[in-house]
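The structure under discussion appears below in the form of structure tokens.
Each chain carries a letter (A, B, C, D, E and F) given by its place in the written order, and its residues are counted from 1.
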Amino acid sequence: MATVAPPQDPGTNPRVKAVFDDIRATRGSDFINNVWRYLAFDAGLLETTWAEVKAVMATPSALEPKVKEMLYAAVSIANACDYCTHSHLAAARAKGMTGVEQADFFRVVASAGKTNHLLNALRVPVDDAFLIDKE
Amino acid sequence: MATVAPPQDPGTNPRVKAVFDDIRATRGSDFINNVWRYLAFDAGLLETTWAEVKAVMATPSALEPKVKEMLYAAVSIANACDYCTHSHLAAARAKGMTGVEQADFFRVVASAGKTNHLLNALRVPVDDAFLIDKE
Amino acid sequence: MATVAPPQDPGTNPRVKAVFDDIRATRGSDFINNVWRYLAFDAGLLETTWAEVKAVMATPSALEPKVKEMLYAAVSIANACDYCTHSHLAAARAKGMTGVEQADFFRVVASAGKTNHLLNALRVPVDDAFLIDKE
Amino acid sequence: MATVAPPQDPGTNPRVKAVFDDIRATRGSDFINNVWRYLAFDAGLLETTWAEVKAVMATPSALEPKVKEMLYAAVSIANACDYCTHSHLAAARAKGMTGVEQADFFRVVASAGKTNHLLNALRVPVDDAFLIDKE
Amino acid sequence: MATVAPPQDPGTNPRVKAVFDDIRATRGSDFINNVWRYLAFDAGLLETTWAEVKAVMATPSALEPKVKEMLYAAVSIANACDYCTHSHLAAARAKGMTGVEQADFFRVVASAGKTNHLLNALRVPVDDAFLIDKE
Amino acid sequence: MATVAPPQDPGTNPRVKAVFDDIRATRGSDFINNVWRYLAFDAGLLETTWAEVKAVMATPSALEPKVKEMLYAAVSIANACDYCTHSHLAAARAKGMTGVEQADFFRVVASAGKTNHLLNALRVPVDDAFLIDKE
């Protein structure tokens, strides 16, 4: 059902194999999820996509991993991305999001969707007080 | 520049005044930002919108206030809501988001926007491992 | 295939049962559609979501029920929400939308999608004549 | 501030003049709003766009003109189209939308935005009862 | 699974038959894909939709057919339109898009999705140098 | 009007200066547009964003530069990104897009917006003939 065909034997391409090995090592799991199996149709696209996701999501940074997965899922929900919503909510759960937090997350995302539509309808001017750069 | 006109003397409508008083008391500030001043064109819409935003965003819950503002801003960015993006990033800063965290937030939101487009292009099937409800 | 699991015996939770009973009474039907069965994973989220949908959609107001369902469906189509598009078009039909009206509805929604893209490309300034609030 | 320049003397191009004359005759007003003045940069695009908008929005059909403008505005809000939101809400008011109806319209659009996000997060299967075509 | 039912014997409606015949003649193929089979529920909507797609996509113009299909697919991906993404990527391949070009296409669309989110977050003013119409 | 403040003397940060120098060298122009001036608030985000845009957009690849800018602009229009639409249409013009091609581009993008909404409303099943990966 995809728009590209995943290679049947991805391990035979050394560039693909190197990315898959790094995904397994980074996550401490043998499981390779579909996005990487299909992206293997183009080794360059697979390499740059994984490098970015690893740098942004699997490398310690200012925000905690669970929060980053929830932010990722929030954007994915607003963009109606089916795969991304499933995969990043699963990742948020794997990184500690509880059921109560998930319900709270849904509440915030749904309310944001509501007021986004309300403000895009009202077309209210932004308050000066919110601006950092007044130039 | 809005699609409704804000009332000139909102304080003369007791329902509007009650909401404005509650906004000031909840936030400990006299400042009423534009969304509430314009929503005052319809007292009922002002009341239900503020009641929801207060319940979801200004009431202690499972997620910390700073994280909730960042989630709200993430959805607003994906929905291209100008006012909401400015107001909720300002709120996140007011609730403790540092400059380093804001840069990290931008990195996550931007990468999510990228892979959302990539996955909406690839149309890859969702892995069974991500599903909670397999029915 | 959802991101939460619906409770197996929702009737055993009195808060869930109360909402389900009110849905049945409001609609005069025993049928509970999936959104409510899944939202039952969190009684609070179920209660506030149903309270809002009931107040906005199942309570007499300025616009007729059929028109409100079509407006709801129009937003859902623009947001690529699969479930919402199906459920609110079904509701519009149940509230009297004819086949000829549905074709007219599709024509308007499709033309709006077209000129939305054209105007977001042209980036034309809004005419003063359209503004209510000139401040 | 646009991405094309409107012709300085649009009346000198007979194809543009014919469209402008038809806009004025159809609306019974001398006013030509900006979208048409800018689209005049390409006579063919102006002609086909006006022909479609006239056929869909200015020709009697199954739905009443006021409802069609509200549907148009609903899609425009969801797509964050600034110009379209202003122009079609102005048109809806010109065709009889009252202030109370506008507030009701905002309520429906905002609730749809909310549940669209909730359902895009929950990813609930569509009920068989909603499907017309079960194939 | 659609929101309308396709007619069982579309050939018995002469207006539908005329459109189907023209689709087959234009494409040099007997295959009628689902969008046209379902749109046949309303002959008028079928006629105007096909007339537009034929004029824009199947008629020689300034841009080459392959590029037009890729542009169409790019918009469809950003709008999360499942059917459109599949059909226009298939059309782009049929009109000569190679596998290497498809990977390059994915790279551009994904990067655009990324910086769209970044700029919608930064809310940076547009440079004067980019404006054609400075009025 | 932005959500971050651009550094007053970006040249004093050697990492920022290196990126600005590379932008100037790559483009053969002294002009630094606003997105880079504002992104300089975080040197790391500036570096990775420029590295990606340079690799994808300013490096020879399967698609010609003009087409890549039009694809970028198409996604930006669908995402309602004001800055991106202006900057990438300007870039497409700088790389050879003629006025006639721009009008053709608008025609394709607008028609895609239309049928995206129509198909997201119809919810028609994808034809088997379009699928590459039938698993």
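The criterion applied here is as follows: a contact is a pair of C-beta atoms (placed from the backbone, for glycine too) under 8 Å apart; a residue touches a chain by one contact, two chains touch by 3 or more.
The structure displayed is predicted, hence computed values, not measured ones.
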Work out which chains are contact partners of both chain A and chain B. C, D, E, F
Touching chain B and also chain D, the following chains: A, C, E, F
Given that chain A and chain D are copies and touch, would you call their interface same or different according to whether over half of its residue numbers are shared? same
Determine how many degrees of rotation, between 0 and 180 and to the nearest 5, align the Cα atoms of chain E with the equivalent atoms in chain F. 180
Chain B and chain F, separation of their C-alpha mean positions in angstrom: 27
Can you check how far apart chain B and chain E are, centre to centre, with Cα atoms defining each centre and the answer in Å? 34
Among chain F residues, those touching two or more other chains are 1-4, 38, 48-49, 52, 75, 77-82, 85-86, 89, 103, 106-107, 109-118, 120-123, 125-126, 131, 135
Provide the residue numbers of chain C that touch chain A in the complex, in ascending order. 3-4, 41-42, 44-45, 48-49, 75, 79-81, 135
So in the complex, the part of chain B that touches chain C is made up of which residues? 1-6, 38, 48, 52, 55, 126, 131-135
Chain D to chain B touching residues, read off their complex: 80, 85-86, 89, 99, 102-103, 106-107, 110, 117, 125
Please output the residues of chain B touching chain E within their complex, sorted ascending. 73, 77-78, 80, 82, 85-86, 89, 106, 109-118, 120-123
Complex contacts: residues of chain B adjacent to chain A: 1-4, 31, 33-35, 38-39, 49, 52-53, 56-57, 61-63, 67-68, 70-72, 74-84, 86-90, 98, 100-101, 103-105, 107-109, 111-127, 129-131
